[in-house]
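A single structure is presented below for examination.
Chain naming follows the written order as A, B, C, D, E and F, and within any one chain the residues start at number 1.
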């Protein structure tokens, strides 16, 4: 049955366009998505999912379950980097271990969005607060990662931690701001029909179509990055997959304990199991300059992301269906 | 009541995204809208509003009121630069005074478009000829501004006015051409269902959504420009707001005399009260090189535009409602 | 009657926007479509038409006529370069003759797409396999052109033909890959409602609107290219128009023999009569570096394309209507 | 190998066409243009105003022989005086091919 | 004509703002920035990662007098040491206008 | 401070990958690429054809020691002969860090 889900997922347009992009890179095609457009498409996706999330929040009446979910989700973003760091620093220099830890503590917006479109195709509902969860989970891991790098690493010259800098990079980077901002706007304008006035632009076919084109680009880029991994060795390759599964299962467990819906459970699994490749690398590049981006970017973008969108999402959902039906 | 309108306007998605952009700049976020995409979005907005305007024109049966409106609107674009120049040259060198005069004589397409979406949310009608009015008002101010600079300024080397150059910059610059062209095309193809075949692309949710994303970028840029104003001193800051209000009131007065609808009145107010920050600066940069763009761009983009879209539009509309109801 | 069709076609938004672009270039306006956006729009058009083609294929039940059509279409892409080369080499050096031959053997995606929107406005049906025909016709001409250049030209240094290189440039260039890939994805996901989930993004008003904006850019570029033709002389100018008509008639003849529908006949006429200005030039630039792009690009982009979209499409359709009604 | 002057200019995007006219007129065999560069100078920051082309620069490189270079610099001066910008000249050798 | 040092730097897009601060502090009268350039060096390829700005460089040109140039190079060094990048210095003459 | 040769090349966007192969093979420690530059030369204007990459150039900068520079120039020549383009060489000093 989980095989069915995986095959069905494989036959969904977004995944197939991702694979088309991978194929294009592997056969050395000259296909490329213009850089500025790619950045705009990712802005659009954050705008769309955030706006919708805010609207859905305004719909859903407030419940303790929501608070628990948001709290637990945020907690994972604080805690996950700790054990990732503990494991990785055995093999890697402190800065690299800390950077990768931050990457896996944070979230992958596109994995989340792909999961959302997966739920839609399975016509399963989910709560708007999950988008709030994503927004809350992006930043803490960055702070923790940087602190780990500072505490365990040798003092940088001018070693004082520049908290305002760090805060800005963690909480005010472009991705977080657009996601949070759009969500708040969606929430604030829900009454006056804000969402209603843009939903055909920010949802439905437009959203699905842009996701296809963006995943085409993700495929082009991810396949390029995989090459970088040749050097990085087996341990890290294994880590990128195992971390995804283990963290996803942790997410499922939390959702189960909270007693949230199957849809929310899948989204939490993708948030906890995902790794950031835009927001965190951008922040870490500034805050942990000694860390080598050719490690943390390829791991999250070249391995964890493809694994999650192709196999992870349906796999996690199969597990969830089992657990939720049994209970 | 006018307070209500202002608050309602503040709670509309486009304005909130504008403020989000301002916020991002103020907190030094790395958020940015890719340049080429921003330029395309503004092309799209001109294409969409122009096309729709042409279609609406084909619907509305020709009336003397329309001719009066177009004539009066065009006239303001010729006359406004004169008194602006008279006032400003007391404080500023001739080229700067002339450049700012041209800026305020011309129009701000996005202010107009924001007013259009304001009217939609208030479900108030407006006439397609107002878009023709906008197209007609863009260029004359440029010509007047340049002539002022030449007549009152010391002769440039090779001082002859290159009329063909000037004409091209005033009447054939990208913005004017796309707006005019789309309007004519909308008009010409109305019979064969031209508008019907693109309206879901050029209107409705798509138009509103793109407006939100473009205003996000406007916010980012406007906030950057405000900084330039520190040098330019209080007079110019005051001028950017007072000119907006005075000119808007002039527009309302004209609309009232013509006896046009409340919707058309608001649009005329925004056209007369608005200042250009794309078409005119581009033309003036070439035609009045001695003028300092760090004056005329920040004034229109950093002050007049935000004032008009945030406070101006609802304020002007409040005034209009009073007048129109009383009559 | 054919005059009617031509005038009606002239009054369709896409053609008028093309002319607006031409006008902008002729009057030296500063209007320009940002490069990266233009490239993205062409990606979108290939994505949309490919995806839809795949879906339509899944609908249409397989017939021998389809096989005939695909076979015949592919054949023209092999054969046309031969006589084009035979004619052109009398006047031109071998590399130029071969490059132009490849250009005219291959297809123009936008001419095809404009024909599709022409059929829609005439509410005439066409088969999804025509999009497969386009995909199949793009590459062979490239291979033939390169081989002609090698056989008749003096050996390059390191003259061995690098087949893998050539194959990649012919069959795996960006345009072919996106078109083919999207078509296969459309076909593979048809069952699971793949097309249904994106059609409002990849079809209808969105498709028409993007086509308008892209043709605006095509007009800007085509008009620039025409200037290059001053040097290239009357023969080549004549060739670009005559080849279009002759090949289109060949296409109509084939369609007539196969007994395909009027819609399919027009599309085949546009495929055979069209000349490539993106895929082939990109490939030929690499494979026949000695050929002068200021010949083959202006001919296809500056003459053949405008002729086909403005006069050709309605003209060919008039002929088709005559033949098909008479039979 | 041929000794040439390497002239690099930075000028407003808006005035680039004029400068290119001057370069062509000078008899230079070619030039290279990098569009949309940012910068700062006497006229303040020009970090690329996303909404127009008023705060954008172009960066232009011309390799030319001594005499043509001098003519070009002489002809370009009025433009730079009127519109601002930068002009650097250095020595380089052109690899014939 | 004034002899100047032509300093060209390549640095991570992410660290460009810091470098620009240093340039302004050095007393240079201006600088030019070409954004989004690609490259390769000790830290491997940086061919522009389309999804973030981690693998993107900026190319910066500064023309300045000898003394300011030396100060700038001295102040920029720590940045280059920490983040990598390139710094070339050559001679040029600045065409006054 | 180390004396290096500053090699700058302009070549068709389409042929840039070949040139980069040559640069890597030459033993140069790095290079910088500015994509999508426009220009004009013997083969006429190449002002960036918005629809393909046929009329677009790339601008490439390589700083390398004398011997490597010579090898690189020698190896790049055939490319430039076949495809056209430009190659300038000048002197610069590399600021070690």
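Just a few scattered comments:
Quick note on the criterion: contacts are C-beta pairs under 8 Å (C-beta built on N, C-alpha and C of every residue); 3 or more make two chains touch, one makes a residue touch a chain.
Predicted, not measured: the structure shown is a model, and the values here were computed from it.
Both chain A and chain D are touched by B, E.
Traced through touching neighbours, the fewest hops from chain A to chain B number 1.
Between chain D and chain E, the least number of touch steps comes to 1.
By the residue-number overlap criterion, the interface of chain B with chain C counts as different, with under half of its numbers used by both chains. Relative to chain F, the most remote chain by averaged C-alpha coordinates is B. One copy, chain E, sits rotated relative to the other, chain F; on C-alpha atoms the angle is 120 degrees to the nearest 5.
In this assembly, C is the chain whose CA centroid lies farthest from the centroid of chain E.
Chain C and chain E, compared by their mean Cα positions, are separated by 45 Å. In this assembly, the C-alpha centroid of chain A lies 39 Å from the C-alpha centroid of chain F. Between the Cα centres of chain C and chain F there is a gap of 34 Å. Looking at chain F, residues 34, 36, 53, 90 sit in touch with two or more other chains.
In chain B, the residues that touch at least two other chains are 30, 33-37, 39, 200, 206, 282.
Chains touching one another form the pairs A-B, A-C, A-E, B-C, B-D, C-F, D-E, D-F, E-F.
Taken in their complex, chain C has these residues touching chain B: 8, 11-13, 16-17, 20, 23-24, 27-37, 121, 200, 204-206, 208-210, 212-213, 216. Those residues of chain C that touch chain F in the shared complex are 33, 35, 38-39, 42, 156-157, 217-218, 220-221, 224-225, 228, 277-278, 281-282, 285-286, 289-290, 292-294, 297, 301.
Put simply, chain C touches chain A in their complex at residues 34-37, 39-40, 43-44, 47, 51, 168, 172-174, 177-178, 181-182, 185, 188-189, 192-194, 197-202, 206, 282.
If you check the complex, the residues on chain F that touch chain C are 12, 14-15, 36, 43-44, 47-55, 78, 82-83. Of all residues in chain D, those touching chain F in their complex are 1, 4, 6, 24, 29-35, 61, 63, 90-95, 97.
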